[in-house]
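Here come two complexes built around chain A, the first alongside chain B, the second alongside chain C.
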Partner chain A sequence: MKIYRFALILAGFAALFFGLQRLLTPKYMSGVYDGALIAEYYSETKNHEVIFIGDCEVYENFSPMTLFGEYGITSYIRGGAQQLIWQSYYLLEDTLRYETPEVVVFNVLAMQYGEPQSEAYNRLNLDGMTLSASKLNAVNASLTKGEDALSYIFPILRYHERWQELTPDDLRYFVSRKSAGHNGYLMRNEVKPVTIIPDGAKLANYDFAEVCRVYLDKMRVLCEENGIDFVLVKAPTIYPHWYDEWEAQIESYAETHGLLYVNFLEHIDDAGIDFAADTYDAGLHLNCSGAEKLSRYFGAILTEKFGLSDKRSEPAAAAEYAAKLRDYEAMKTAQRSEFETNGKAVTFTYSKS
Partner chain B sequence: MKKHTIITIAILAAAVFGACDGEPAAPGVLAPGNTASEASAPAMSVDEASAVPGEAGFEFIYKGNAIVLGSKADDFIAKAGAPKDVFEAPSCAFEGIDKILYYPGFIINTYPIDGTDYILSVVLGDDSLTTPEGVYLGMGADEIPDVYGPVSEKENALIYKKGGTTLTFITENGAVADITYYYEAAISVQE
Partner chain C sequence: MVFTTYEFLILLVVAAVLYYTLPRSFQWKLLLAASAVFYAYSGLDNLIYLAVTIISVYLATRRMDDLLAEQARGLAADIPGENAKAYRAAIKRRRRRLMVLCLVLNLGILVVIKYTAFAVQGADAVFHVLAKPEDLGFFRFALPLGLSFYTFQSVSYVIDSYRAKKAGYVERNPFKLALFISFFPQMVQGPISRFGDLKQTLFERHAADADAISAGALRVFFGFFKKLVIADRLMPVIRALTAPGDEFAGAYVLLTALVYAVTLYCDFTGGIDVTIGTARIFGVKLAENFDRPFYSKSVAEYWRRWHITMGTWFRDYIFYPLSASKPMIRLIKPARRLLGDHIGKRLPVYIATMVTWFATGLWHGAAWNFIVWGVLNGAVILISQELTPLYGKFRSKLRLGDGKVYGAFEIFRTFWLMSLIRVFDVYADVPRTLRMFGTIFTDFGAGKLIANGIAPLGLSLADIVLAAVSLAAMIIAGAVSRSKPGSFNSVTFRVSLCAVLALAVIVFGKYGLGYDARQFIYNQF
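On to the complex of A and B.
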C-alpha cells in the first residue's frame, strides 16, 4: 500500500513536471514560426522521394507543394534557421530512422560556419527533435558556452523562468498546435525588391573549416550507404555573400565524388526569378512566388537526373496532397490579401484540412 | 516511507528548479539576446557594452567625427550626415534588422536592440581613406607593425585588440587589402 502511494505521488510529480514543461516551452505559433518546423515532421506521412536539409535557404526557397503540383514529386524540408552542418547531418540521420528517400538535397551555405554560433539558433533546430541518439549527438556538437545538454532533453531546465512571460498562446496551444510549415516550407508572400547587392567582406581565410568538410563527407557517406543520391545546392539569394573561393571548393568536392551540384545563383534568369518581385526581404530569401519558380526549375532537374516517379497518379498521394495544396493555396491567398491591404502578412499558421 | 517520499520529491524539485544556478539568463520566448543575422555578430545591450572595463577601443575618424563602436548609429549620423545608401538585412527567424550604411569609401554595419541601431563594425573600402594612425588599403603589410606594434600574422590577417574592439588588416600579396574595425565586446559579453 505504501509502495502504491509512493508510486502515485511520483506519477503526480511527473505529470506536474511534464505539464509545466509543456506550458513553459515556446510554442512558435507567433513571431518565430521557424521554431515550429523541425517538430512538425514527426506527424507527417513519411514516404518522401526527396528530403531537403539545411538552413533558411531551403525552408524559405523551395516549395514541396509546387514540386508535387508540377511534377508529382513528394518532398519534405527538414530545415532550420542557421542550421549548422552537423545539425544537418544528425537531422538527416534522424530522418533516416523513419524513411529512406531517393534524393537528399543539402544547401551548402552552412559550410561557412565551423563552430556553434548561438543558443537561440540551436534551440530552433534542436528543441523540436524527438529524443534519439541523433538528437543527443546533435546537441553535444552544437553547445555554445554556458549551455547545458540536459536542457535539450528537459527544456524546462532552460525555460523555467518563462512563467513571467507566458502569453495566451501558451495556453491556447498547450494541448495541440497549428501547423506553420507546408512540408517544411515556411511561406512568405510579401514583396520587398532588391535595391542593393552588398559586396562580400574580404576574409582572411576562405577555406571551409575541417569540421564542415568532415560532416559534409559524413552526409555523403550516409546517403551512399542507404542508396540515396546526395545533391548539393546553393540557393539563389544575394546575401550573405557566396564567395568564388567557396564555390570552387564545393565544385571540386562535387566533381571528386560525382555529385550533382547546382548553384542557383548561376540560374536566376533560367528559373525566371525576378528580384524586383520574388523576394520578401530585399534578396535574402525568396517569397512564395520566387520559391515556386525555383521549385519548378529544380523539379525538372530532379525528374530528369533521378527519374523520380510522378506520384500524382497514385490515389493515396493524390488525396494527401490535395488536402495539403488546399491549405497551401488558402494561406497564399490570405497572405497576399493581407499584404495588399495592410502592407504585411499575418497568417502564418493553419489547421490542417 | 513518508520520509523517503518527501526526500525523493525534494531531490527532483531541486534538480529542476535549482538548475538555473550558473546558467545564462533566461531566453525570453526564444532568442537569448541574439538578434543578429547570419552575417554578423551576436548583439548585446549598450549597458553591457559600457560595462567592459579598461581602455577605449579603436575608432575610425570620418570628417572629424569619431565612429565609436557599440554606440548609437544615429549619434554618428547626426554629426556626419546621412549615409548615401542603406541595406537592410533581416535576421533569420528573429525580429530585428541589421543594416549596412554606405558612406563614401567605407561602410558601417549596425545591429538592432529594441528598435535602436548600434554600430557593430566599420569596413574601409577605398585607398583614399586612412586609419587615424595612417594605414591605408594598398600599404605594405610589413609597415603595419611599425604603426600599431608587433603582432603575429595569422592566415593573412593582422589583428589588434583594444578596449573591446578589434582592428583587423587583411593582407593580399604583401599589401593591406581590407581594414575592419569590429565591436568585439559584443561577442565577449554574449559568451
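On to the complex of A and C.
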C-alpha cells in the first residue's frame, strides 16, 4: 500500500471524525446556556484587569459590562455551573496562559465541595476548555465514577448517542455559534421575589475539606507568583446557606494571608439589593438588575483598593466595549420586554456587533 | 482487561508497534509481557491461579517427556524383549500418574472456584444443612479471568503430552509454555487452541506484513462493530422482555428467543473476531471458532459450526475417550441382550453423549439452567440421530428429495430448535423458563405483541432501524466474502473499511458513561 493512499484515508477519517464530533457535541444555544460560557473566553481580546472565577455565584451575579460602564474596569468571568475549587484553580492556570490580570476574584461557595459531584456539571466546566495540561489536570481531578478522561479530549466518545437527538440547532451552529455570555456573565432579567429564607440544615462537620484548603492555597500562591492580587468574595445570594462556621474559616484564611475578603451577604443593603426585585429565582441568583447593583458596589471597592485604571478613556477598549455594551443593552431590553409580555425571557444568545 | 476498553486498544497498539520494531527474537517475549499486563490488569491475585497452572503443567509435562526419552534410551539399550513390555507399562504408569495429578490439581482449581457454591447450594437443597443463603458466602470465590478457557487449553496440552508417542512434543521453555497458556487475545473467550496447532505460529518470527496487519485490524473493527453496534444495542430488549413479572409471555417468548439468538451470535462472534484479528496483527493464526452456524441443518451440525474449538475439545477429551473406554465396550454385550441390537450397540454413544453435554452445560456455568440446557442439547442430538431414518422415509414418501426448499426447512427448524433451547440461558431460571415456554402454547397472544408495537422493547425506532441495517450489512459482508473470496484482499480497501467501521463504532456503538454491558457474554464462562 502506497503511503500517500494511507495518508489520504487517514485524512478522510480525521475529517469525518472531527466533523461528526462537532455535529454531535451539544451547542448550548438553547436550554442550558451555561455550557457555552467557558469556551467563549478563547475568542475574546485578552487584556482584562480583573478575572472572576467560581460557580454560578460569579457568572450570574457580577456584570463586567457594568464594571466597565461605571468604572472603566475590564473584566471577564471564567465561571461555570457548580464549579469545583480545583476546576477554578486549573481554569485560572489556563487563563494565565493568555493574560495576567491585576486582580483575581474567587467566590468561596465552592469550598463546600470536597469531592467531584456530578458528570453533568463537570461537562459544563471542562468541555469548553481548550486542550492543555491545565485541562487534563482539571479533568483528572474531577472525574466521577464511570467517567473517562479521554472523552474530555474527544467529546464524541461521550456524546455519540446524540445522533438520535440531533436538532436543527446542531446544524445551524455547526460552523459558528452565537454568544451567550457578556464577558462570561449570563444575563437573566426575570423577577421572582424571595418569599422564604430557608434555614441551613445542620451539618455533621463544618470544616472545609483538606483538598479545598489545598486548592485555595494553590490559587493564592499562583496569584502571588504572578503578581496578582487575590480577592475572596461570597456573593449575596441567600441560598444555599452560608454557615457562620464557614465564614469564620474564610475570614481566618484571608486574615492570615492578608487577602481582601468581602462577604456581600453583609452588604446587601449597602449595595441596594432588593430581594423582591433583584433575583430571578427566589434568592438563588441575582437577576440583571441585582448583578448591576452588586457590580456597581464592588467596582468601587476594586477601584479604591487596587487602584485600577479607568479604561474608558483608552480608544481601543472604549471601542471594544461600546460594541459589547450595545449587545448587552439590546439583550437586556429584549429579555425585559419578553418577561413583561410572556412572563419569561427567551433571548439568551446574540450575534456580536 | 476487557476488549471494549481504551486500555485494551492502547495495549494492542503499543504491543504491535514494539512487536515490529524490536528485534524479532523478542517477539514472543513481548507477547508474553503483553499477556501478563492484560491479565494483571484484572487483578494481581488472579495471576496466582494462572501461575499455579503454568508451573504445574510445565513440571508435569516436562517430566512426562523426560520419561518418554528415558524409555527410548532404555529400549535402545539392552532391555530384553520380555522385559520391554513391562518396562513400557511401568513408564506409562508413571506418566499417567503425573497426568492425573496435574489434571486433578488444575480441574480441582476450576471446580473449587467455579462450582463449590453451586454444590453446597445443591447439598443444602437436599439435606437442609445450611439454613441461610448468606452462609454460603464463604464458598464463593472470585472467578479469575478466563479460568475455564485457559484450564481447558492446559488440560488438552497435558493430555496430548501424555498421548505423545515420542519425546519432544512438550515445550521445554517454561516461558514459551506460559505464553501458550496465557496468550492474551484468546484468554477470555477462546478459541481453545491446541499446542500442536499454535506453537509454530505463536513462536516463529514475524516480519511486518501489511496484508496480515490490515486483515487483522479489519477483523478487530468488524468484531467491535458486531459487539458494540448490534449486540449491545439489542441487549436492552432481552433485559426488558425477561424482566421479573412474566409479563412478556407467549409470542414474546419467541421474540426473546429470536433476539437473543442474534444478540448472542453478534456478541460471541464479535469477541472472537477481535481475538482472531488481534492475533493476526501479531502474525499469529488462531483457529476459527464459527462457521455460519445458523445455516446448520441439524443440531449436531450446529455444534460443529458454533464454538467449534469447545465442541472439538469435549469430543476429543470426553466423548471419544468415554465412548471407547473399556467399561463402555464391555457394556455393549449385556446391553444388546437386554435392549436389543440397535440400542445395545449404541448405548455407549448415548451415555457418552449425555455425559459430554452434561459437562458442556456445567462448563458454561454453575447453575441448573446451564445443566438443563446441556442435557437438552444432548437429548435432541440423540433423538435427531435416531429419527434420521424416519426423516428419510418421510422425505421419500413426500418426494421432497434434497431440494433447496427442504434444506431451507431444515435450517429454519434447527435455528428455532437451538433458539428455544437457548431460552434456558436467557431466563437463567429453570422453573421460570418452563413456565414461560408453556405460555407459547397456552397464551400466545400475537395480538398483544402487535398492539404493543415496539414500546415494550426498550428501544427507539431509530435503534431498531440501526440494528436492522447493521445486521443486513453484516450478512451482506459475509456473503460477499464467501462468494468472492478475494473481495477484501486489497490493503487499501481494508484500511478504508477499517476507517468506516471505526467511525460506525464510535458513533453508533453502545459504550461510555451509564453503560454497563460492555462485558462479553462469554467472558463469564
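In the analysis below, the second predicted complex is superposed on the first by the 352 of 353 C-alpha atoms of A that agree within 3 Å, B and C clash if a C-alpha of one lies under 4 Å from a C-alpha of the other, contacts with A are read in each partner's own complex, and residues count from 1 in each chain.
Just so we're on the same page, a residue touches a chain if its C-beta (ideal position, glycine included) is under 8 Å from a C-beta of that chain, and two chains touch if they have at least 3 such contacts.
These numbers come from a predicted model, not from an experiment.
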With the two complexes superposed on chain A, say which partner A:L24 touches: chain B (first), chain C (second), both, or neither. second
Tell me the contact category for A:N205 with respect to chain B and chain C: first, second, both or neither. first
So, does A:E119 touch the first partner chain B, the second partner chain C, both, or neither? both
Going by the contact rule set out at the top, does A:A248 touch chain B (first), chain C (second), both, or neither? neither
Could you say whether A:D148 touches chain B, chain C, both of them, or neither, answering first, second, both or neither? both
In the superposed model, which partner reaches more residues of chain A, chain B or chain C? B
According to the stated criteria, A:H160 is in contact with first (chain B), second (chain C), both, or neither; which is it? both
First, second, both or neither for A:A11, with chain B first and chain C second: neither
Share the list of chain A residues that count as touching for chain B in one structure and for chain C in the other. 5-6, 9-10, 13, 17, 119, 146-148, 150-151, 156-158, 160-161
Over in the complex, which chain A residues touch chain B? Could you list them? 2, 5-6, 9-10, 13, 17, 26, 28, 31-32, 34-35, 55-56, 81-82, 109, 117-121, 123-124, 144-148, 150-151, 154, 156-162, 165, 195-196, 198-199, 201-205, 239-241, 281-282, 284
So in the complex, the part of chain A that touches chain C is made up of which residues? 1, 5-6, 9-10, 12-13, 16-17, 20, 24, 119, 146-148, 150-151, 156-158, 160-161, 163-164
Touching residues of chain C toward chain A in the complex: what are they? 6, 210, 214, 460, 462-463, 491-492, 495-496, 499, 502-503, 506-509, 511-514
Contact set on chain B toward chain A in their complex: 1, 4-5, 8-9, 12, 16-17, 19-20, 23-24, 26-32, 34, 36-39, 42, 85, 87-90, 92-95, 100, 102, 107, 123, 125, 154-157, 168, 170, 172, 177-178, 180, 190-191
